[in-house]
Structure formats: structure tokens, C-alpha cells
Amino acid sequence: MTGILDIIRKELLINLLSLRFIIGLVVVMLLIGLVGYVLTLDYASRRQAYIAAAEQHSRALEDAKVYSTIKVEMDIPPNPLSLLSRGSKDLPVTITVSPYHVPTILDASGSGATISLDGTGDLPVNPLLRVFSSIDVGFIVGMIMSLFCILLVFDSFSGEKEQGTLRVLLSAPVGRLQLLAGKYCGALLSAATPLTAGLLLLVILWNISGLVTLTPADWLGLACMYAASILYLACFLALGILISLFAEESVTGLVHQLLVWVVAGIVLPAGAGYVAEFLHPILPETELIREADENYGRAYSNVRYQQTEGSWNVAYTDYAGPESFLGITEKEALNRVEYNKIIFPMKFALAEEHFHIRDAVQRSLERREEARNSLDAISPVAAYGRIVRALAGSDIGSYRRTFAAARNYRESLMEYLRPKVATAAWVTRVLDQPELQPTKENMSYWNERAKKEGEDVFLKEWWNWSRVKPLDLSAMPRPNLEVPGLRERLGDALFPCALLMVLTAGFLVMAGWKLLRYPA
Amino acid sequence: MIATLIRREFLEHVTSLRLSVLLIMTTGLLVTSAAYFSARYDSTTTQSPFVRPGASQGLVDKDGKTNLMMAPCTGFGLHRALSPLGFLAGAGEREFPDLVMVAPHGLKSIQRETKTGEAFEPAAPADWAYLIGVILSFGAGLLTYRSVSGERRDGTLAQVLANPVPKSMPLLAKYLAALLALAFVLTFAMASGVLTLIILGKVPLGGDDWMKLSLFWGTSILYLSFFVLLGLLSSVAGRSPMMSAAGFLLNWTLLVFIIPNLGGIIAGFDHTVLPPREISAMEQAISARYPEPPGTTLQQSSVIMLEREDASEALLIQHFHAMCGQVGTGERFARLSPSAVYAYAAEATAGGGLPRLIQFVDNAVRYRKGLFQAMLDADRSDPSSQHIYIPYRCGGNVFSPRNVDLGPAKEFRDLPPSSGESLLAAMWDLLLLGVYNLLAFAVAFTWFLRQDVAALPGE
Amino acid sequence: MIQAVDLTKRYEDGNLALDHLNLNIQPGQIYCLLGANGAGKTTTINLFFNFIEPTGGTALINGVDCTKDPIGAKRHAAYVSENVMLYGNFTARQNLEFFTRLAGRRELGKEDYYMVMRQVGLPERSFENRVKTFSKGMRQKLGIAIAILKQAPALILDEPTSGLDPKAGAEFMELLTRLRGEGKAILMSTHDIFRAREVADVVGIMKEGVLIMEKSRENLMYEDLEKIYLKYMEV
């Protein structure tokens, strides 16, 4: 047993004192520091934007005047762990729930991808910067630290063999497997050093800046990420040692490992993406939706034609906002209710139909994702990426859950809203405001004022919607977006984790097998 | 003499496993990448703002006449023409805005159309420039890292130089042979990819595209030449093949992965882009500068509005240019790495990148002005028309019901740049690549020439 | 033919490897350079091929200054190193062809190469085998074949027999004497006193960069070279 500890100590010392370790440490620390700093700022701005948007959206709800315009914007709180894995640049930040729209992950559209003159954030946003590929801690560990691992172990056996120290080592009363275990543990400790130091640096940065506060669950998630990263490094080290045992010469070992690295990190993921696309093409969303819309349009015209035959002209302004319905008569308003009872359920049905189409498209998207995952399953880089994204909540699974929660909320919202279609308050409040109906007396009053103050009076006062009190929405279910908790995210990370473990164990077993037959 | 040396080096490469692996890997990836592009290209080929569904319904009718009554006041979309060569370097085209919303009286916004499921696409833009940029540059190192240090260690270098050949000749031969081998891989892989495109037949490749493809080929060779030289340099500088390999690896990681990826982060330190809140405050300030006092008639109000719209458009374009400037800062930093230079040159060749984006927005503004002028002219010819007042609440019945000919403004012309324009756009990057090459060449050769051929005694 | 005039080399680390060496080797003469490790033998040879630059003096081959016109000088000299390393992935014939073409002879055909390989005593079946499968003796023979095909009047060998088994060593020496018979000037550094005595026309002993003794074959005839060598080394 002491033999192993001695070997570990020797390996660790040799590694820690080597130039490659110091270069690796400096590079990794610098990168994590720089990237962590920038991503912390990014997180802070997303957090700020989230708070501002949530406030604005809850206020918008308070201002609702009619039921038909109720639209709930649910803001997805940014996950502090997304600092470590930012995921795609286009992940959704807001989910819109309305009677006419069922949310799916296809709603994901670039936050701030539009350059225009309106906006509220206090931090500059530049959608053009997306052209730079995003680099996060997951990338640094996944690509750079795996290279570092290769550099650590590429010559672990071949180098000692070339120097002749392997014979000396083996002449000592130490089993070959013990030697392997010692070397492996020593390398793992060395590889873990920059990672640990980098993450510590990050945590200190968060504490000092006060920009990031972590809940206990976040800490746990962070710990899981750390563990997953160690596992990933362990996998690469095992692979490295294995290849070093097969290499005739240290250099060829290094080159072979680099080739494996390129294949695992670039070739396999890229190739898997292409192949998955062919296996599971994404359904053409816009075409399917257009088809559904055309069908709906025909049905709608029919209904409208039958319903509106000479009865009321207000129906023709169906596309206009509720403002248009202030200046109507009581009779018109009541007719309108009858009309709504037919038209709006159709709109709801259309939303459902859209959802079914989008759901199919979403499932095709998920199938593609699954195909990609199984195609590059053998690549530790891809598996690690999946783990980190799952833990950071920036993968497709997390968003699917979030959107499902939003849909559940929509169900309860619809339960509340459906009966309201049969009330005038669905589109107009003119019954609450008799002075706004175009009766003879009212008309002459307003015409009088228009003569004195100008035509604008009609717009500015008569049809002025702000004079109407907001609805009482106390009975409406409150939006409450539950983002997937750590347990669900861990569940998503479980399979790739197991995969990494199996790969690592496999590499180690093969290395042991080879070492027992290794000619010193 | 040099031919003999090159022949030997080339033979050595061709018979080696590494080159076959490189060839298979590169060809496979380029072919799948091309097929992938082709599969997607189909759904995104429509370019005209008038044909695209939902873009600007009914602005132009079947006879090519325009009913200005339908000119949408909220703006309609002008789409960027897609380059059929997007597979070469798609990042600039995929990530940058491809849609400008314009109203006759002003630019409204510059945006990017999101495609289905885009949010969950893999982050790495695996276009040809990326694949070549990563894999073949790595291959350049594979072919060269041990060429000098290995031969010096083995003694074959001395054996060669015992013959009447100039000292620089073996290095030159190694350079040319490795480049030749890579050129072979590149040409084969590219030809296979292009052949795939032709067979699939969905991407129309015109005459000018062949010029651009050749330009891309040349750029790639220039880029790979740098990495061959870097490999040789590592090989000259390293005392052993291992040191050479480690040296090359370190530099390669730095140049291919780290520096280009830091561009976005460095750009973040450029604070020329104002926060959205300040921008919207500036827009409100513009509104305040053009007040509508009580008693303003509709016509007066519209004139004021047009001035306001002009100022707003100027602000939007200024804001947009600030953003471009910020990207430029990041790109300038990234240009420290030949990989980034290569990516930008490839982008320019393929018809993407920042200059192309600016050109596209310029085109949209020009079109917008033409359309607006056409409306004014239409107004003059039809006294009952008030198209110019379109900004004013866009409703009512003051618009001309007549169809008028919009003339040149009928069609939004935004073509991908020609091969000449592409070359011009890529010129600086090509020059920079050339400079990097010269630098690496000079360092590698002087270092080699100053070095003793034989290993030092005791080594 | 092979000539050194006050040839001096001081390495960058200050080590004086060669101190005013004077040599003159005539055509048809074998000159054996003896000395301990680090005495300056290999440095001398490296200087003739301009593998390193001298800090003083001149090295001449066939009257051509090896520093001023290295290419011209190398045209007249062939080189066999201590451990002839050739391109392992190439066959013997391919290596031979490559180096011969480098030497400037491009008119030869396969048979010419085979003939030379036969001449140096390589087994027929190894002609088209990869060199990485060759033993050291075979590689040295191939090295000599390369040198022969170069048809250079001067032949410079750096400890060509070290590590060869006795039989291979003897065959190698036989080859050398045959080449001497063809009128080549041969400079050979070696540790092998017995072989030196057998074949050398002139023997030089080097110590710490200085040629401390030079004796012709006639003068050596009745002396015990080993004793002389050890005597000089002790001083």
C-alpha cells in the first residue's frame, strides 16, 4: 500500500514541477478567470433584464382592460450555473402564454436579436457579437483541459521506458497494477489542480463582486458539475494512459492521442450533427402552420359571412384592438358577444392545432437531438457537454420541462378565461361606460366639443381607453413558472455520467490488461 | 535537386497513415457538411421581399403595378440574398441579421429571422472554413512536427546535407512537400464536397461561384501554408520530436481555439455601444425635438413626422454602426490568429461577414429611399393621393386607389458580392495571411540556417 | 584531397573542440583519426561538411573551401556516419536512389543500384526491403553503397565500424581498401586501433582538440599502436 502512495507522490511532484503543468495551470486559470469574469457580467445583465422584464410584465397584467387581450409573459429566471455552460446564444428568456398561443420550445427566438431603437436594459446589448462562438467554462474544461490531460499522460509509460526508469520501477516490489493505479491517481490529482483552482477563483470572484448569489441547490449543482468535470478528466487521463501503453514511442503516443482528441471533440460531434439531421429532418413548421391557417381562414370567413349578414358592421373590425369597441352601441356590444361565442372558440382551437403541429415539430427536434446524442455517445467530449448543459439547465430537456410547465399554467388560465368569452368584457367595456355609447345625446355632446376643441377630442377623450378601469383579475391563476429543479436536471445528466464512467472503467481495464503484458 | 527532396518527402507523406486518416476525415466531413447545407438550402432560397410569404403582402400585384394603399406603414421585410456558397463559411451569414424591416419613410429595425429549433443547434459552426481551419491545420502539424527534429536526431539530415545541396533546401523541400500533401487532401476533399452538391443539385453554382471556390481554395492553401511553417518552426526549435510536438500543440491550441474565441470577450470591453435604455431615451429626445403643437393639421403633422423619422433612422444606423464597430474590435483582436484571419477571408469569399452585412443594410436604406421617392412622384401625379402621409395613422381613405408604377424601387436588389468584390473584401485578410506566412517563413528559415546540422556533442 | 589548415572550432559554451588542426590526405590514402570520446574527431568531420561553422582556419576538399563554398566542397566528398540512419520507411533501393540523385547523379537505373548493393555485400533479398528492418551492419554497408555511387574522390567516415560484429567489421574494411585502390582519399575516425593499424596509411591521434601525433604506415610498422595510443592519452 505504501508503494502506491509513494508512486502517487512521485507522479504528483514530477507533474507539478514540469513545465507543461505550469503552462497548463496558467492558461487554464487565465482563461477561467477571464471567461468567468465576462460571463459573470453577462449573467448579471441577464438577471437584471429578467427582473426588469418580470416587473414590466406583471404591471402589464395589472393594466388589462378586456379579457381577450390577456397575454401572460412568463420570464425564465436565469440559472446562475449557466455561467459555466451558457448553451446556445438563442435560448428563450420569456414564454408568452395567451389564449391564441400554446407555448412550445419552438418559440425560442433570439433574445435581443433585433436591432431597433426601443429597449429597456441598462447594459449594452449587441446581437452582432453572437458571431463569435461563445466560450464558457464547459468549453474550457471540455476542450482545453482535455488537451492538458493528454499532455500530462501521453508519455506516462513510454517516456519512462525510453528513459529506462520503468525497468527500475518494475524491479521494485510493486505490482504492475499498483503502478498503474499510482500513476493514474497522481495524474488525476495534477489534472484536478487547475480545475479546482479555476473554480475557486470563480467562486471568489462571485463573492467579491456580489453579482451572483447561489442558493444551496445551486451550490449542490456546482458541486455536481465539479464532480462531473473530474470524472471527465479522469476519462481522458485513462484514455491517455491507455494510448501511451500502446505507443511504441512517446511522440507517436502524443500524436495518436491528439488524433483521438480531434475525433472525439470535433469530428464526431460535427459528423453526428449532420447525420442526425438526415435521419430526423425537422418538420417544416412554417408550411404546416400556413396550411392550418388557410383552413382556419376559410372556416372563419364562412362563419363571419353567415353571422354578419347585414346584422352589425362592427364584426368587420375584428382585427382591430379593443379600443375600436368603445364607441359602439349597447346593442352592437351584445351582438358582438354572440359573435365572439362562435369566433373565439375557433381561435382557441386554432391555437391548439398550431400546438399539435409545433409539438410534432418539437418532437422531431428532440428526436434529432437524441439521434445526435446516440451517434456521438462514444465521445467523452460530447458526453461531458451533455452533462454540463443538463446541470446548467441550458439543454433541450430543461427547456422542454419549463415550457411544459408554462403549458400547464395556460390550461388553468384557459379554464379561467373560457367562460369570459360569453361576457361583453371579453372585448369591450362600453356597457360599464354608458357615456361612451354613441347615443344621440352623447353624439351631440361630443360634436359640440369637437367644434370648440378640434377633431382630436374624439380620439383623445371619447375613445380614450385609459378612462376605463382595469379588470379585476384577482381570481385569475397567477403565473408561476417552475423551472426544472436540480433533481430533474441531475436525472438528465445521469445517463451521460454513467457513459463517462463506463468509458473510464473500460479504458482503465484495457490499460491494466495491456500493462500486464507490457515489455519493459 | 529540390525535386528529388520533395519527391521523397511527398512519398513519405503519401504512404503514411496520418495522411490517409486526414484524407478520410476531411473528405467525410466536407461531404456531409455540403450535403447538410444542400438539404437546408432548399427551404431558404427565396429572396425577394415581395415573394416571401408574410413579408409585404400585395405591394406589387401580378402586373408589376403597385397599389400604394397597401404599402404597410409598420414596415415590411427586406431579406438578404443568400449566398449559395454559405457552406464555405456560414458563421457570418448565419449569425448576422438577414432581415431589415423598412417602412417607406424609414428603417424600422434590423433583425435576424430565427429558424425552427435554432436555439438548440450545436454551437460550433461546422462549415468548411471551420473544418479545414481546425483539422487540416492540425494535419499540417502532424506532417511536419518531427521533420527536422526527428531527422536531426536520427542523423538523416546530416546524411542529406553531406551532399551538394544548399542548407536551406531540405527545409524548403519539406515545406513544399507538406503543402503539396495538404493541397492534395484539400483538393480531393473539396472536389468531393462540390461533387456532392452537384449531385444533390439543390444548390445552384454559377460561373462566378467557381471563381469564388478557387479563391477559397487559394485562401485555404495560404492558411495551411502558415501552419506547415509553424510545424516546421516547432520542429526546428524543438530539441526532440516530442518538444516539437508539444510546441506545435501549444501554439495550435492558442491560435485555433483560444484567440479566435476570445474575440467576443475582447469586444465586450469596447464600450461604444450604448445601452438600450439610453438609445430609447435618445429616440424620445428626437421626438421631443419635433413637437406637434395643438392645432397642427394632418398635413403639417405628417411633415413633422417625416423629419422625425429621418432623424430616427439616422440614429438607428448610427447605433447599428456602433455595434459593427464593436464586432470589428473583436475581429481585430482575433486577427492575431491566422485562423481567425482565414475565417474572415473565407467569409468574405462566401459572401458573408461584417462588410457584407453593412452592404446589405446600405442596400436596404437605398431601396427605402427609392421607394419613398417613387411615392412622392406618385403623389405629384395624382393630386388626390397622400401617400406621403402614410406615417399618419396609416388608415383612412386619403390614399390613392390607383395602381402606380414604382419603377426601380419595385424590386429590392441585394445580390451576394461578385467574385471580384469578394476578392476585394478578402484582400486585407489575404495580405495579413501573407504577412503571417512571410514571418513564419523568415523565422523558421533563419533559425534553421543558424542551427548546426549535427546534434551537439553529448546529445 | 582532404585538407585542414589551422582548423579551429570553439562552441558557444566556450568549449574549444578543435585547436589548429592541420591535415592533408592524398588520393589513395586512408587516414585514421584516433582519440577518446570528445577529442574532436566528429567535430572535424562535421566541419568538412559544414554541419557546423569553424571559428578559425579552413577545411578544404579537393581545394574547395568547405565554409565558403560548402556545396562545391560537398560535391567531392561522401559521408558515412557512425550510425548510418536512412529513411526507415523506404527500401534500400529507394534510399540509394534518393541519395544518389541528391548527389547529382540522376542517370542511374535499378540495375546500377542493385550492382552496387551486391558489390558492398548486401544480401540480394534485402534490396527491396524497408531499411527499418536492417541490422546495423547492413545499414553501414548501404551507407558505403551511397558513398560509392556518389563517385566522390574523397570519402569521410565517422566511426563507421563501431558496434559492428567482427565479421561485418572485417567486410567493411575490405571494402575500404578496395576503394583506396580506386584512388580515393579516405578520412576515417575510429576507436578501433587494430583495424586502424591494419588499413591506415596514416594514423593521427587527437586529444582535447589537438592532433598530438601523426604517423605514417611505415613508421608504425614495428611499433605497438595500442601502447602509443595509451601513452599519449596518459599525458
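Just so it is clear, A, B and C label the chains in written order, and each chain counts residues from 1 on its own.
The working rule: contacts are C-beta pairs under 8 Å (C-beta built on N, C-alpha and C of every residue); 3 or more make two chains touch, one makes a residue touch a chain.
The structure presented is a predicted model; accordingly, all values stated were derived computationally and were not measured.
Taken as a contact graph, with one node per protein chain and an edge wherever two chains touch, the assembly forms an open path, each chain linked only to its neighbours along a line.
Relative to chain C, the most remote chain by averaged C-alpha coordinates is A. Chain nearest the geometric middle of the protein is B, using mean C-alpha positions. Inter-chain spacing, taken between the CA centroids of chain A and chain B, is 27 Å.
One simple way to say how far apart two chains are is to compare their mean CA positions; for chain B and chain C this gives 59 Å. Per-chain Cα centroids separate chain A from chain C by 71 Å. Across the complex, chain C meets chain B through its residues 11, 17, 38, 42-43, 46, 49-52, 70-72, 74-75, 77-79, 81, 83-87, 89-90, 94, 98-99, 101-104, 106, 143, 146, 150.
Chain B contributes residues 1, 4-5, 7-8, 11-12, 15-16, 154-156, 158-167, 452-454, 456-458 to its touches with chain C in the complex.
Those residues of chain A whose C-beta lies close enough to touch chain B in the complex are 20, 23, 27, 31, 34-35, 38, 41, 88-92, 105-106, 108-110, 113-135, 139, 143-144, 147, 151, 155, 250-251, 254-255, 258-259, 262-263, 266-267, 269-271, 273-275, 277-278, 281-282, 284-286, 290, 361-362, 365, 368-369, 372, 395-396, 399, 454. Residue ranges on chain B touching chain A, taken from their complex, read 18, 21, 25, 28-29, 32-33, 35-36, 39, 43, 53, 91-92, 95-97, 108-112, 114, 116-126, 131, 134-135, 138, 142, 145-146, 240-242, 245-246, 249-250, 253, 257-258, 260-265, 267-268, 271, 273-277, 279-280, 282-283, 294-295, 312, 315-316, 319-320, 323-324, 326-327, 330, 334, 354, 357.
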